[in-house]
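Both complexes below contain subunit A, partnered by subunit B and then by subunit C.
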Partner chain A sequence: MRRFLLLLRNEFALFRTAIPAHAVAALQPAVLYLLMTTILVHPTFDMNMARPETVLGAELAAALEQVGSPVGEPYVRLAMVDWDGGTVDRQVIRVEALDGGSLARPVAVQHFGLIDSNLVKNFRNRLTTAALRLWDAELGPRSVTVEQHPWLPHDVPYNVYFGMAVLPMATFLAAAIIGAMLTAQEFEFRTVVEYRLAPATLGLILGGRLVRLALTALLSAGVVWLAVGLVTGVWPRDPWLVVLILLPVAVVAGCVGMTAALLLRRTIPAFLVGLVGAFAGWIVGGAFGLPSSFGATFERVSRLTPFAHAIELLFPRYFGDRSSASAVTIGSPVISALVLLLMAAGMVALTAMVYQRRVRRQE
Partner chain B sequence: MADSTIRVAAATRRFGGLVAVDELSFEVGRGEIFGLLGPNGAGKTTTINLLTGLLRRDGGEVSVLGHDPQREAHEVRRRIGYVPQETNVYLDLNAMDNLWHHAALYCRDLHGVDARIESLLRLMSLWERRKDPVRTFSGGMKRRLVLARALLHDPEIILFDEPTLGVDVQARHVIWDHIRARREEDKTFVVSTNDMAEADALCDRLVIIDRGRAIALDTPEQLKANLGRDIVTLRTTPAIDEPELLFTGLGVQAVSRPGPDQLRLEVRNAASIVGEMVARMGSGRRIESVHIARPTLDDVFLHHTGRGLRE
Partner chain C sequence: MRRFLILLRTEMLAWRHDPISVLGGFIPTLILLTALGLLFGGPLSFNIAVVNHDIGPYGAILRRTCGEVLSPFGTPYYAVSVLDEDRAWEAYRNHRLDGVWVIPADFSARLDAGDHPAVEMHFSNYNDDRAKNHRIYSAEILWRFYEEIGQPAPSLALAEAYPLSEMLEWFPVMAVGVALLSFMLGGMTNMFMLTQKEHVARVTLEFGLAPRSLAWVLLPKTLLALVMGLLTGTGFLGVIALWPGAWPGRFLPAVWLLAGLVILFWAPLALMVGLRARYFAGMIALILTGLTVFFVSGGLGLVRANWDAVPWFPRVFPNLYAVDPLRDLILFHAWPADWRAALVTLTGFAAAGLAVGWGLAARQLRRAG
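Now for the complex of A and B:
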């Protein structure tokens, strides 16, 4: 045990040989999260409406006010503006006379400025739903009632989901790039000869490095955890369970980085494999939404990555358990946990085999 | 050899069509500094790698401390220290951290390692700089650190590949002194070098290797004495065109031209014939210099291979 602790201490001392990689690992995911939160998640868009001059216009405005998300913060907010028909900022609705006639048959006209199609869709949905409400009021018993049953009793704020999804990415990124750098450097500095001749066992050598990488990766995830908590005020339930979920991700990533370095034997290519692997796997594995929300094919591919399983296991820690059936499903937690463990064990076996061939084998 | 620690018998190693080590044989006694001398590419490093078990051999036998490094690599590696050609230390770590790293991988018993690290760093005159990053060390200091590292787990044999490659003259002597001092502690050294001065000054015995084959094996003194001749180097203006004719009957055994105006003659007894040589060169030729020397290991190599160590 003393030898292992000594080896672990030495592994941490090697921090000084790869300071830039450690800086990237510690800060980059948290910075990415903060930027994405600011740019993509934070804005609540104003849905402009020209101040109505008729009763029908006022009724439309009132109906628009009532339409929105069944739970959570509004994404689009109605705003009354004085509009003279000039340049349109995003969108403005004005109740106008049809073909320049009288306002006895008014028409709600949406004028659009330069916005993306998603926002056009959201603005248009809001308007048509409000119009439906007005129409329903006159249909009496033939009116159509639309009920909304949210999956969760509360909103899933995107900045919380995204932050949660960044946790396994931060874990993977740190373990993969640092593992790649430390291992490739051994070849470049020729210190690998020390390992080639060492009477210490392969298990001890690999174990020391993997434990060090896992601890570093968890620290990196801790920075993101802190950032998400401070920004959103949402902290996960059962923090130790979160650590246990991220641990196999760290082991898989450490093995990916080390294996890349053992095969490539050069720092920059191995570093890039870790970097690209972390981001590509993360995007495929549910960075922007649970894998099942993107279709069966995407979900199948997602589940080949550790990210999909980790994110699905983390989801209840942040958003609570499922309360009702939903189109968006989460895989079985037991299977996800098992898959993560198998992935970690498989990668450790693969790394040990490659290490034996590339470092310890007699040539 | 009664107390041999290393036995190599007809060891052979090929890399594709190249025979890097060709039926090489030698033995090394306990407490001996044994040299592998030869030009670059002669097979010295390959031989060392056969001793460590890093390389498999294609033929012959190798025994290190009674174990076959190929089949019992673990047992051999526990008892040898290896200093490679490249100074392979962690440059951003300090000397202490480098040694602790080695201790975790190599030392059988970790009790007392801290005292041993201090003792070795003091011995190598590195104690005062123990907390400085190795990147700030001179070439000689790095080499001494690598030697300290190789000694840390108290090996019986140290395989030292090019001990003073790239270090200055002063540092060379310090490293040689350390090797000699460790020999007094009954450590066995196998030193590979292409530096004849190093082999001459350091080694108790050596094997001269060329193209993977042993061409001579003995103490440096005996190897030179076996040549049985002195070296006379003449510089004249103009140069001597036909030295064999000019010096007929003086016992000249070999002639070569190290430079355009230089003549190198191997003779049995230089002192008895140099006067006659000068007389035969006559008044029409200016004698710039006459240099008489005992043969060097380079001369031994030249004698056996027809070319110099540095060629």
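Now for the complex of A and C:
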């Protein structure tokens, strides 16, 4: 045990040889999350409307202000403007008479500036929703009611899912790139000779490095956990379980980084393997939404990564309270947990095998 | 001139020994483009099932309408899956469907009788933006449905007026922003990696001791960074020509001119980093700087439409002034209305970048020498 602790201490002391990689591992996922929160769409949109001159126009303005979620945010923040028909920046709605006729059958015309199709869709849908309220009122009992049955009792901001999905990415990135750099440096600085000559078992050496990588990876995930909590106010239930879910991800990633470095023996290519592996796996594994909603093929591919399994296991921790945890379960938690454990065990075995060949036998 | 050519050749040889610098402008931008494409570039229809129990005609019309109403993307708001009820609910529970609409058996009867007909819409709201879309898409469906079944027309009709004859898609708008980042990072990583290499090999010491103007050294370095940035960015334009399908065509020289001025602002700053930072720290600083500038300087949306909302800090970067003119050239194949102003502004930025970058680098080189 004493030798293991000494080895672990040495592993942590190697921090000084890879400070930039540690800085990236600790901060980059949190910075990415914070940057992305600025672009992830928020359901409330600013909409401009030319100051109405008719009763119908005023009714439309009132209807626009009512467009929103019954269990979430309003969808429109209305601004009344004086518009002379000149150039439009984003959009403006004006109630007009078609073809210069009378206002007997007025038209709500939405004038768009040079904006993209996604903004056009959002502005169009909101205006239609408001105008439909007026039409429904005219139809009375002949209007069709859409009874909404959302899955969760409250709409959850997208920042929560996205932040939750960044957790395994942060874990993977830290373990993979630091594992890759520390191991590749052993070859570049020729300190690998010391490992060859040391009377320590393979398990002790690999165990020391993996424990160090796992702890570093969990610290990196902790920074993201903090960022998500501070931005959204949502903190996961049972943090110890979150740690248990991320632990096999860290082991898999540490092994990926170490194996890449053992095979390539150079810092930059090994670092790139860790970096690309983290981002590619994360994107495929459900970075932006549950993989099942992207189609069967995407889902099958995503299940080859640890990310999809980790995200499914994390989901109830972020989206359900204690009473509704089973109702928000995604996929099969037992199978996901088993797959993560098997992936971790398989990668440890593979890394040990490669280490044996590249270091012990000096191939 | 001969001295200049010799130094340019030296830089070229140094690059040939380490051509990996090209990847610095390519890999991060490819990852970014892929992420943005997956998020915003695919078919954005929601997969739903419509369980129609209605024994009258209106349920079938509503079901058909769900799959017919087109969004501004040119695709239907809803892709309606043909599933029986049990399989529909199973798929919904497993998040393989975004929603399920249920039309009750008495829907037509109640509609005819004016007795408050209703349909159920089940949908996931773990992402509030998608939940919002379900709610506001349903209004588009009902609007068309009312028209289809001949409800009395509304007092207020709807219409739209656009500045262009065709719809401007969002993903290509972002892709051009990423292309500008690729130009920028391509130039910066080349300048940084070669300078850092020379710094480690103490070649910069020789530069500092040279009895000639340091412009002879800095000019070929900057020229090579400019060319490599343009090559990287042009390669990336080739990628976006394939996906999402935007290429400047005969406006390519104009794209090079604008992007080149942006590179000339950033490359001298990378030169300073190369003389000071260690390899990894420098690369990471460059890529994170590039990504931050991309996010804050109109990489994701049209700047002209949001000029009032642009905070002060992006205004000190040239990217903000280049990105929309580049979109005009690449997406619309049209000269930007503010072409002259953009050129003047970007030239000013390039001159400032060169003056500051070269000045500080020369000072550092002379001091070391």
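Before moving on, here are some points about what is shown:
Please note the rule applied: the second predicted complex is superposed on the first by the 342 of 363 C-alpha atoms of A that agree within 3 Å, B and C clash if a C-alpha of one lies under 4 Å from a C-alpha of the other, contacts with A are read in each partner's own complex, and residues count from 1 in each chain.
Basically, a residue touches a chain if its C-beta (ideal position, glycine included) is under 8 Å from a C-beta of that chain, and two chains touch if they have at least 3 such contacts.
Predicted model only: the values in this text are computed from it and were never measured.
In the superposition on chain A, A:216 contacts neither subunit B nor subunit C. Of the two partner chains placed by superposition, only subunit B is touched by A:194; subunit C is not. In the superposed pair of complexes, A:67 makes contact with subunit C only, with no contact to subunit B. In the overlay built on the shared chain, the residue A:2 is in contact with subunit B alone; subunit C does not reach it.
Once chain A of one complex is fitted onto chain A of the other, the partner contacts of A:16 are limited to subunit B, with no touch recorded for subunit C.
Once the two complexes are overlaid on the shared chain, A:118 sits against subunit C while remaining clear of subunit B. Among subunit B and subunit C, the chain that touches a larger number of residues in subunit A is C. Residues of subunit A that lie in the contact sets of both subunit B and subunit C are absent, per the superposition on chain A.
Within the complex formed with subunit A, the residues of subunit B that make contact are 52-56, 70, 73-74, 77-78, 82, 84, 86, 88-93, 97, 100-106, 108, 110, 133. Listing the residues of subunit A that touch subunit B in their complex gives 2-3, 6-7, 9-10, 13-14, 16-17, 189-191, 193-200, 205, 208, 362-363. Interface residues of subunit C facing subunit A in the complex, by the touch rule stated above, are 20, 27, 31, 34-35, 38-40, 47, 71-73, 94-96, 98, 111, 114-133, 135-140, 142-143, 145-146, 151-152, 154-164, 167-170, 173, 278, 280-281, 284, 288, 291-292, 295, 300-302, 304-308. Within the complex formed with subunit C, the residues of subunit A that make contact are 18-21, 23-24, 28, 31, 35, 38-43, 56, 60, 67, 69, 71-73, 75, 88-90, 95, 98, 105-122, 124-129, 131-132, 134-135, 138-152, 154-158, 161, 268, 271-272, 276, 279-280, 283, 287-290, 292-293, 296, 299, 315, 319, 328, 330-331.
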